[in-house]
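Given below, in the form of structure tokens, are the structures.
Across the two complexes that follow, chain A remains constant while its partner is chain B and subsequently chain C.
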Partner chain A sequence: MIQLENINKIYNESRPNSFQALKDISLHVSKGELLILKGVSGSGKSTLLSIMGSLIKPSSGSVIVDGESIAKLPDLHASNFRAQKLGFIFQSFNLFEALSVADNVAIPLTNQSLTLEALHVSVGDAMEIAHISHKKDTEVRLLSGGEKQRCAIARALVNSPKVILCDEPTANLDSINSQKFIATIKELNALGKTIVIATHDPIFETLDARVVNIENGSLLKR
Partner chain B sequence: MQNKLFYNFLFLLLLKHRIKHISIFIISTLIVFILSSVILLSNALQEEINTTLDSQADFVVQKMRAGKSVNTPVSWSDEFREIEGISQAQPRVYGQYFFEPNAEHFTIVGIDFFDEQKSKNLQKLITNLDMKKFLEKPNMLIGHGVKALLDKYYFFDYYVFKTPHQEKRKVNIYQTFPKESSLLSNDMIIMDIDLAREILGISEERSTDIALYSPNELEAGNIYVKLVLKHADIRVIQKSDIAKAYKHLFNYKGGLFLILYMIVLLTFMMILYQRYSMVQSSDKKEIGILRALGWSIKDVIILKVTESFMVAFGAFLLGFILAFFFVFVLDAPLLSNIFYGYANLPMDISLHRSIDFSLVSLLFLFYILPFMTAVLIPSWKASVIDPLEAMR
Partner chain C sequence: MIFFSNSVIVFIFIEALLLLLLSIAFINVVGILKSWDFSATSTKQYLLEKRSYLVLLIIFFTLGFKIILLPYFIYMIDELNVLVPGAMCAAGVINSNIYGVYLLSLKVRILFLVGLWIILNHYDLQAKDYPFFKKKLWLFILIFFLIIAESILDIFYLINIVTDTPVSCCSAIYGVSGISNPIPFDLHVSELLGLFYLLYGLTLISALYRYALLSLFSNMAFLYSAYYSVVYFFGTYVYELPTHLCPFCMLQAEYFYSGYFIWGTLFLGTFFGISAALLQYITGKEIKKMYRYSLAFNSAFILFCSSYVLLYYIRNGVFL
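So, the complex of A and B:
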């Protein structure tokens, strides 16, 4: 599902403050696989995740996701790719605090060619899977951390993505909500979603998942 | 073309961001209100002046003595009638009357009511007048400003004028002109020509000046020369000279306001730039989230520009409607004082509603372009950076 070959990422290239965040990384993630990218802060895991999600472009190397080469996609195509194939769950949820849960979940679909009815169905289904339907009309700012996370999960699922990318998803959750998140991840994985989680939280060690360690921008072999 | 879902989201954002937009909305509304008021007022005044000019005599002739105009011999009018191209010569009797109680001046205009009135303005003012009843007694028609002043001193039905020979002459107030005609008639008193002569001390052989009418504009140059050659002590004022005088007066005021426009627009742009260029971290984060969730740079810019356009357009519409109400319903208090100016009595005018749509479109363009630019550039800047960085 995801194939990374010889990925290098240098920030501020050709400048005195240039910094190589990723060094010659090659990684394959199979369809339906659950992968944990583990590393301390600044190890390069978020950068790697962003490259997988076409949020940033690698300095060199190739990235193929679901058969599509995304390393050099222009903005419009990269955006379409994200909208159709990816779901993101971020560390600090990144929700629109003033909007309701349902409005937040609907955002990835608002620039798509959908009818209002189809949007409502997709949003309803996503909220159902993420167990947040009961709060659909509540403004996000009024939710607890766990509820915000469930809202973020629903938003990541609303476009029925093949791949879900999670960046430090439990960093702002207590242990009970972290456990709930893990349970949801298991459910999603069981639905056949390919999931990549960048984290340094040991709680994910309980998951039956492949763990890849990353340190100073390079993958460590176990 | 964006779909319905996009616009739903847009309105949702507008509603949720209302606090963010409110300051810009208020400032924009105020600026549009001020600029539109000036434009509407000056345009309406221009229309009034054009109408006034239309009814002016083609030439006005005065007798001069030592560089000062003095009463003109009525006999001159017969000489002028002889000039080819002149259709009518009408000696006019008018003059300023000092109203002692308030130290103000009225303009007394004497009319021979049995003559055909060439001036369209005068025609307008005396339409529907029962001539017989009016001329039965010493009566006068007065402007709105005169009425207000006489009322102030309890002269509700009449006023007693003093002639130059210190004789008293009681004249009844027959009617007050409508407020709509105030630009023309505000300080004016219209009465029978003989009564006016008596009050102003102008003998039957004299008039204040002589109005000449010529049906052929192309003859104006020739007639002017012929008139000037008639007498050594003559002054000939052409209609075009009057138009020029009005234009100079308004151009100077217009220039003043042009500078004000520019200052206001510059300030407005600076406020906008400051407001939108420092895209707040929350705005930047929103853009980052949208980008991460599959929105293209184009989508984000369309969203931000449309959102701001709604604010800008709403403010423009409200500002313009308020200006319309201010100028045409409230008669532009304060602002009107700057524009009208007055020789005798303060003006109190109800303007005729007229809008120059090309000027309004120009104002819209000059307002909306800086507004949109101030939004477009920072939004674009925030859209092109790495979404993860924008979200941090």
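So, the complex of A and C:
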């Protein structure tokens, strides 16, 4: 599902503050696999996740996601690619506080030319899976951290993505909500979703997943 | 005096604004062209890609406005006939000094190139590897310089519109008095019409069978013959007066603004026909849609023009 070959990422190239975030990384993630990218802050795991999600482009190397090469994809196509194939869950949720849960969840579908009825069905299904349907009309600013996370999960699922990328998803959650998040991840994985989680939270060790350690921009051999 | 006219003030203001935006885009385009290397994975190239997206958006909207501005320019010129003694329509105002005809001709050519740029940009953005990126930027540079020339001509033209000396009206400009035969190659009107319908047939065949070269030349020739056919034959049926020869009067309310439809469909039909061929050479792809549009607009033009003659005959039992 995801194939990374010899990925390097250098920030501020050819400048005095140049910094190599990723060094010659090759990684394969199979369809339906659950992968944990583990490493301390600054190790390069978020950069790697962003490259997988075509949010940033590598300085060299090839990235193939679901059969499509995305390393040099123009921004316009990268946006379409993300909208169709990927779901993102971020550490800080990145939700619109003034909008309701249902409106936030519907955002990835705004450019998909769906009928209003189809849109309502997709949003309802995603909220159901993420266990946030009961708060669908509540403004996001009134939600707890755990509820915000579930709203973010529903938003990540609404376009039925094949791949879900999570960046430090439990960083703003207490342990109870973190456990709930893990339970949701298990459910999603059981549905056949390919999931990659970048985290340094030891709570994910309880998951039956492949763990890849990353340190100073390189994958550690195990 | 001309500069106190509301429509002229609006026109100059929009032209200046568009020129400013295009100048900003031009400076960026030169910078992008200098360093562009799509195969590179450097931060600089990625920044250029981001910048180019914004610049292309500016160019797209600015050039889009240029398309709207041409009909407005013609409308403005038509309105000015009340200020120019002797002028009855835009023909008199356009011919009130030596710059008018050149300016109008340049504006039409720019419009054609703008259309070509917009289509090329569309196909370039659809692809994932910017296949026509440099070509469209070079085309933009050409358009930009032509727009600079157009702006200079605009100023010279507007400054030199005479408001105190009588100018010729359309009947004097396009009428046969003083000239033995104003139709090129000394053709008779019936011969011109034969050629006109023959060339339409060729544009039809080229569009149906998608012959690029035939489409290019037949549409160019059709545009040329259609202009004279409208002025010296179909126009007389629009005005229902055999001595009224003018390409502009039909743009007036008196004739239900039919000129906008006549000239608009002719321009679009021949534009798509010529562009289909040019883009086939530039992109290496056959763009079927363009041939279809060419066929549709050329046919609409033919039907509309011919219907004037037919309706006149049905109503009166004779031709003009």
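Here, the second predicted complex is superposed on the first by the 222 of 222 C-alpha atoms of A that agree within 3 Å, B and C clash if a C-alpha of one lies under 4 Å from a C-alpha of the other, contacts with A are read in each partner's own complex, and residues count from 1 in each chain.
Just so it is clear, a residue touches a chain if its C-beta (ideal position, glycine included) is under 8 Å from a C-beta of that chain, and two chains touch if they have at least 3 such contacts.
Bear in mind the structure is a predicted one, so any value in this text is a computation, not a measurement.
More chain A residues lie in contact with B than with the other chain of the pair chain B and chain C.
In the overlay built on the shared chain, the residue A:Ser50 is in contact with chain B alone; chain C does not reach it. Applying the stated contact rule after C-alpha superposition, one finds that A:Asp75 touches each of chain B and chain C.
In the superposed pair of complexes, A:Ile107 makes contact with chain B only, with no contact to chain C. Once the two complexes are laid over each other on the shared chain, residue contacts for A:Ser60 go to chain C alone; chain B is not touched.
In the superposed pair of complexes, A:Phe96 makes contact with chain B only, with no contact to chain C.
Contacts of A:Glu128 after superposition: neither chain B nor chain C is touched.
Of the residues of chain A, those at positions 75-76 touch chain B in one of the two structures and chain C in the other.
The touching residues of chain B, when paired with chain A in their complex, are 2-6, 8-9, 12, 16-17, 285-286, 288-299, 386-388, 391.
On chain A, the positions that touch chain B within their shared complex are 46, 50, 53, 55-56, 75-76, 79-84, 86, 88, 90, 92, 94-96, 98-99, 103, 106-114, 116, 119, 155, 159.
Interface residues of chain A, counted against chain C in their complex, comprise 10-14, 57-60, 71-77.
Contacts from chain C toward chain A in the complex involve residues 38, 41-44, 46, 49-50, 53, 125, 128-130.
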